[in-house]
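What follows are several structures.
Two complexes follow with chain A in common, the first pairing it with chain B and the second with chain C.
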Partner chain A sequence: MSDRGNHQDAMRAAQTLAEMQPLLRETAHHLLSEGQVHGVLGFCETVTPGVVTPCLLRQPSECQKLVLNTACYHNLAGYLVGPDGLLKGARAERNAPLAIVARPGVLRTLVVLLQEQQIVREDIVVLGITDNTPIGLKPDVLLGELDRDFVGGSQHEELIARLQAMSTAERAAWWNARFAQCVRCYACRQVCPLCYCEQCVVDENLPQWIDKSDSVASNRTFLLVRAMHLMGRCVNCGACEAACPMHLPLGVLTTLLGKEVQTTLAFVPGSDGTQAPAALGCRIVAGRGEE
Partner chain B sequence: MANKMLRLADVPALVEAMLAEAIVVGPSLSEQLSDEAPAALYNEIHAPHDLWLDSGRPAKSLKEFFFPPREVLFTYRLSETGVEVTEPELETRPRIVFGARPCDAAALPVMDQVFGWGEQDNTYFYRREHTTIVTVACDAPENTCFCTSLGGSPTGTAGADVLLTRLGDVYHVSVLSDKGAQLVAAYPDYFREASPALDLAQEDTARALEEQIVRKIDPAPIRDIAFDDPLWQELTQQCVDCGVCTFLCPTCHCFDIQDEGNEAEGQRVRLWDSCAFRDFTRMTVAQPRPEHYRRYRQRIMHKFQYYPTNFDAALCVGCGRCVASCPAGVDITEIISRLGASLAAREGE
Partner chain C sequence: MIKSTAFDKSFPKEVMAEPGGEQLVVCSSCGTCAAACVVRQQNPEYNPRRILRMAALGLREKVLSSEEIWQCSACDDCYPRCPKGIHISEVMGAIRQIAIREGYTRPGATAQVNVNRCVACGMCAAACPYEAIKLEEIMIRRSPKRVAQVDPNLCAGCGICNAVCPSGSISLEGYTDREVHDVLLEAMPPDWSGRLLVIICNWSLHAGSDITFAENPPEGVQVIRVSCSGRVTPTFVTTAFDRGAEGVLVVGCDEEECHYREGSRIASGRLQVLGSLLDMMGVDAARVRFTRLTSLDRGKLPTMAQEQQAQLSELGPLDWKGTGGRS
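Our next item is the complex of A and B:
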C-alpha cells in the first residue's frame, strides 16, 4: 500500500464534488487494476436523474459508473458492519482491503467504528473528502476538501433556537406532532452505521420493551431510545434524516444530545481517533453547571 | 351515468357542505412534517382551506384509511366470571375521500381481493362501504410514476366513484359508480350539467396526460421468472432492509398481530409489517429468509408472480413512491427490466 495518498500530493485539493469525481474514478480504477483493493464501495447513477445508489464495484472497467454529487448522502460505512456487513468474518478469504468513498460525516463514522472495534483499519482504503472540522482519520486518498459536508452537521441551529424558546408544554406538543408522523419503517435505524446491534431493543418481544404499534408513545420511545443510544457516538452524518420518508427532523435530537456530550465531557465523536469512546474514556468537565 | 361539471371556485363551498354530513379526507399540507420539506399527506380535513389539491403525490398512500397501521381487533378483560371480549366501535358517519390520486384509488380493488379472499375482513370492508372516493386527475405526473404500465393512467378510473379532471377553471366530473351518482345527486348546487364539448376536452386532456408518463415496465415476464434464478442474489445488495417501500406502497398489505397488555386486560392489535424486515415471519426454529436477497425476492415475487397467479393482476399500481423514497436508490422498475432481460436472454439461448 506504499502509494496510498500519492494523488493528493500531486495536485491542489478539489473543492467541489464535480471536481472530485474524475479523481475518484481514476483512483478507483488504479486501486482495482493494481489489486490493492478487492472492491470499491461508492455511488453509481440510476435511471432516475438525480437519484444515486450505493454500489460495490469489483472491475476496473466499471469505475466510470462512479458518481459524486450531493445526492450521495447515504452513509456507506453502514455496509461494512451489522449482520450482513461486507467486512463481516472471513477476512482470510479476501486478499485485499475494500475501498470506501467517504464524505466528512462518513470519515467521522469510520473513526467511531474503529474506536468501537467494529472494523479494522487495514481492511479499508479510505477515499475521503474532508471539511473544516477536526476528523480523527487521515484518508488514504484525499479526494478533496469541502467547506462543509453537504448533509448532516449542525443544520438545525435556527430550529433548535426556536424550540428552546418554547415552553416545555409547547415543545412537547411540537415533538409529539412529529412523533405521530413516524411510520416505524426503521429507515433511520437501517441507514445508521452506528445502529449495528444484531438485536435491536425495539425488535425484542420477550419481554416487549417497546410496543410495535405505530402510536405517539411508542414512536417517541423508539426514537428517543435510538437517539440516547447514539449519544456520544453520533457524528451527525445526516443519513437518518435524509432517509426518513416523513421528513422528521431527527438530527435535532442527535445534535442536542451531541451538544450535551461536548459540554459535559469535552468530547466530539469522530474528531479524534486516539480517544477512547465517550462512555469509556471521558471525565466530566470541572465547573460544569456552576454558571 | 351523465358526467357533470364543477367550478374550481365552488370547491370550498362543496367541501363545507360535505363536512356537515360526512368525514372528509383529502391531501393536505401537513405542518407536522419538517418545516424544510413540506409534503402533502392524506388527512382528515376540518375546513375547506385544509385541502390541497395541487400537491402532487402525497407522501403516503390512501391505504391507511382502510387498513390502518394499527388496528385494535378486540379488547379483553379477565373478570371473576370469565373473559370479556369487546369489539371496537367503528365510525358510523359516512366518509368522503376528496382529491385522491387515481393510483391510490386503483390500489383499493387490488387490496379488496386479498381482504375478501375466503373470509371477508369485516372492518376493512366496513370502511370500504362507508367511503365514497373522489379522485382528481394528476396534472403533473412525476418522473417516478409508471401507472400506465399497470393499467392505470393520470385519469385512471379504477377504484374511484367520481373522477375530477381539471380543465382550466372547471373540473370535468366523471361519475363512475352508483355511489358516485349518489354523491353527485346529493350536491346539485355544485355538480352542474356538463356539455358534450367538456367530455371531449376531458378525453383530449386524458390522452395528453397519459403521454407524460414516460417510465414504462413490462411486468409480464416476471410471471415466469424462476425462484432460484441466480440474478436474485445480485439485484439489490444496496437495500438496507427498512420498511419505506412497503409502508409507502398503496398495495403492500402484510400485517402482524400482537397482544398489547397483560394477563388481566389488553388489546389484540393488527400492525403493518414488511417483508423487508429481518424478523418478518421469523419462527421459533428459524428465519425463513435469512439473507437479504430472499426478502427482496419475496416482495417482487408477491407483486408480480404470486398475486397475479391468484388474482390475474399485479400487486402494484405504479405509483412510484418506492422508487422516489428508497434511501438506497433501489428502483423496482429497473429490477423488473433486469429480470425481464435476463429471462429473455435465457429463452434466446
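Our next item is the complex of A and C:
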C-alpha cells in the first residue's frame, strides 16, 4: 500500500463505529479540558460485557470510558427535554453548552426538538454520525458516516410488505396476538424524546380516553394514539422498539407513520431544519388525503 | 329610523385608515357577500353587507358594539364573489381593530390555555388558521415559563388547536375534551346497539333535512356535532369503537368553503393517516371515513350515512376487542 493510499484512508470519514470511538474520546477530552462544554452525554461500558449505559461525563479524565457500538441505540436526546431535562433551568447557571453523541436518528430528533423550540442550538455541541439520509442539522463534530443507522429507520420493510399482503382478518389476528402481550409499562413513551409532555393523555382520568386495563382494545388504542401524537414528528429513531420489554414490533407502526406523513404531508421529520414543524398534520399539502 | 345626525362622518375615514379597511370606499352594497356568507346560513341576523353599509354611513357606536363584527371567520367565501373585489374579512378585521382599541372584546367561546400543563411545543400556534396563538414567557409561581397564549380577539373558536395539542393543555370552551367525551358517552351508552357514529361539523349543516337527520338519527346511527371537523381527534374514533360502533363517518365542509379556513383540510389528512394505521392493525380503513357535505350537497347527509352503513354491512362485524367475535 502506497503512502498516498494511507493518506486517503486517513482523510475519509470513519465508516464503522469502532473507527469512530477513538475520535469520540479524543474530541470529548478536548472539549471538556478546554472548557468548551460543561458535560458530554454519551455511552459508557457497564460491568456486564456488551451492555452500555447512557452517561454524563464532566471530567476530561473520564473520557476513556466512552464507547461507541451497536448497543448505543438509546436516544440520548430524551435527556435534554421534559421536566427533568438536562437543559432545563436558568441558562445562566451553565456557562458552557452540553455535548451530545448523536447517531443519525438522534440527529433528526434534535432537528425536531429545535423546531419545536424545546432546545436551543447554542446549548448543545453535537458529536454526530450521519448516514445517507437527509438530516436537517450539521454536526459540530462529525464522528463518521455510516451506510445506514444501526437502529430504527426502515428496518421493517420486509415485515410491512408481508403484513400488507395479508387479509385484514389475518392482520388483525397477527396484531391482536401482539397487542395482548403489551403490559402497558409505557417504556416506549418514557424513552421517546418527543413524548416530553408533562401530563400524558394516557395518565388522564378526566376524561379517560384510553382504558388503563391492558386489554387488546385499550393497548391498540394506546399505541394508535401515541403514534398519532407523533404524526409529522416521529423520526423513526427506533428507541421505542428497542425499549419494549415485550419486543413488540413498534417500528412497523413508526415506519408506516413516516411513510403516510411523507405521502400526505410531503414532509420527512428531521430532514430539513428550515421547514416549519408539521404540527401533527396541520401542514397538509392541498388536495392530498382525499378519500 | 336612523337620523342623519347620528352619523359620524369621520368613522368611514377611521376604518379606511386601518390596513385592509381602505376597501370600504368601493362597496356598492349589492349584497352578493351576504348571499355567499356561511355564517349567514346559520345565523340569518348576520349580514356583512349591512355592516359595511353602516360603517360607510358612519354609525360608529352601532358598528363597534355589534356582535356581528366578530362573527366573520374569514373563510373568504364572499371574497371571490364580490364584484368590486373587496376582501370583506380584511375590512371586518379593520373594524375589529378599532373596536379592540375602544375596549370591546370578542363575545363567545375562545380557546383557553392550561398554563400548568402547557409544554410550549408550538403545535397549536402552527395549526391556528388565525395566528391567534403565540408562545410567550409568563411568570407562574414566581418562575418564568414559556407557554401558549391566545389572543381572544383573533381566536375564531374553531378548536383546531384543541385537537392538535398532544398534552391536552388548550381547549375550546363548549368543545373541551371533557365536554366532547361526555357527549360521546351520552350518545353511545353502554347498552347502545348501533353501528355508526357520525361526527359532523356545525357549519356543514345547512339543509333542514340534514339538521333533522342530525337531531333525530335513525336506528343504529348516532350523530354528534363539533365546532369544526378539524376538532376531531383519533380518540373520538377509538371511543366510538370502544362503545361498540363499527364505523365512524366524519363530515366536514368543502375545502374551499371551510368556515375556519383549514379545518376540513386538516381533518381529511389526519383521518387518512389514522385510517392507514388502523388498516395496518387489522381494522379496515373504510370504517373511518371522512366526507364533505358541501353547499351543493344539501340534504345528502342521510344518503351519506346510509352509504357508510352499507359499507359496514359489507365489511361485516368489527372485532375491536380482539376476542374473535363481538362480546
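Throughout what follows, the second predicted complex is superposed on the first by the 268 of 291 C-alpha atoms of A that agree within 3 Å, B and C clash if a C-alpha of one lies under 4 Å from a C-alpha of the other, contacts with A are read in each partner's own complex, and residues count from 1 in each chain.
In this text, a residue touches a chain if its C-beta (ideal position, glycine included) is under 8 Å from a C-beta of that chain, and two chains touch if they have at least 3 such contacts.
The shown structure was predicted, so the numbers you read here are calculated from the model rather than taken from an experiment.
Participant: When the two structures are laid over each other on chain A, do chain B and chain C clash or fit?
Facilitator: fit
Participant: According to the stated criteria, A:48 is in contact with first (chain B), second (chain C), both, or neither; which is it?
Facilitator: First partner only.
Participant: Under the stated touch criterion, which partner chain does A:227 make contact with: chain B (first), chain C (second), both, or neither?
Facilitator: In the superposed model, A:227 contacts chain C only, not chain B.
Participant: Check the residue A:242 against both partner chains and state whether it touches chain B (first), chain C (second), both, or neither.
Facilitator: Touch status of A:242: first partner only.
Participant: So, A:183: does it touch chain B (first), chain C (second), both, or neither?
Facilitator: Only chain B; A:183 stays clear of chain C.
Participant: Taking the superposition as given, does A:211 touch the first partner, chain B, the second, chain C, both, or neither?
Facilitator: both
Participant: Go through the superposed model and pick first if A:168 touches only chain B, second if only chain C, both, or neither.
Facilitator: second
Participant: Quick one: classify A:257 as touching chain B (first), chain C (second), both or neither.
Facilitator: second
Participant: After superposition on the shared chain, which partner residues are touched by A:77: those of chain B (first), chain C (second), both, or neither?
Facilitator: It touches nothing on chain B or chain C.
Participant: State whether chain B or chain C is in contact with more residues of chain A in the superposed arrangement.
Facilitator: C
Participant: Once you lay one complex on the other using chain A, what is the shortest C-alpha distance from chain B to chain C, in Å?
Facilitator: Between chain B and chain C, the shortest C-alpha distance works out to 9 Å.
Participant: Identify the residues of chain A that lie in both the chain B contact region and the chain C contact region.
Facilitator: 180, 208, 211, 215
Participant: Any idea which chain C residues touch chain A in the complex?
Facilitator: Contact set of chain C toward chain A: 117, 119-123, 126-127, 135, 146, 160, 164, 166-169, 177-178, 181-182, 233-235, 238-239, 241-242, 255, 262, 265-266, 268-274, 276-284, 289-291, 319-323.
Participant: Quick check on the complex: what are the chain B residues that touch chain A?
Facilitator: Checking each residue of chain B against chain A gives 30, 32-37, 39, 41, 59-60, 69-70, 143-144, 237-238, 240-244, 246-248, 256, 258, 260, 269, 271-272, 274, 277-279, 291-292, 323, 325, 327-331, 333-334.
Participant: Under the definition above, what is the set of chain A residues touching chain C in their complex?
Facilitator: Touching chain C: residues 116-118, 160, 163-164, 168-176, 179-180, 196-201, 204, 206-211, 215-217, 220-221, 224-225, 227-229, 231, 252-253, 256-257, 260-261, 264-265, 276-277, 279-284, 286, 288-291 of chain A.
Participant: Once bound in the complex, which stretches of chain A touch chain B?
Facilitator: Listed in rising order, the residues are 46-49, 51-56, 74, 78-79, 83-84, 159, 177-178, 180-181, 183-187, 189-191, 203, 208, 211-215, 239, 242-243, 245-249.
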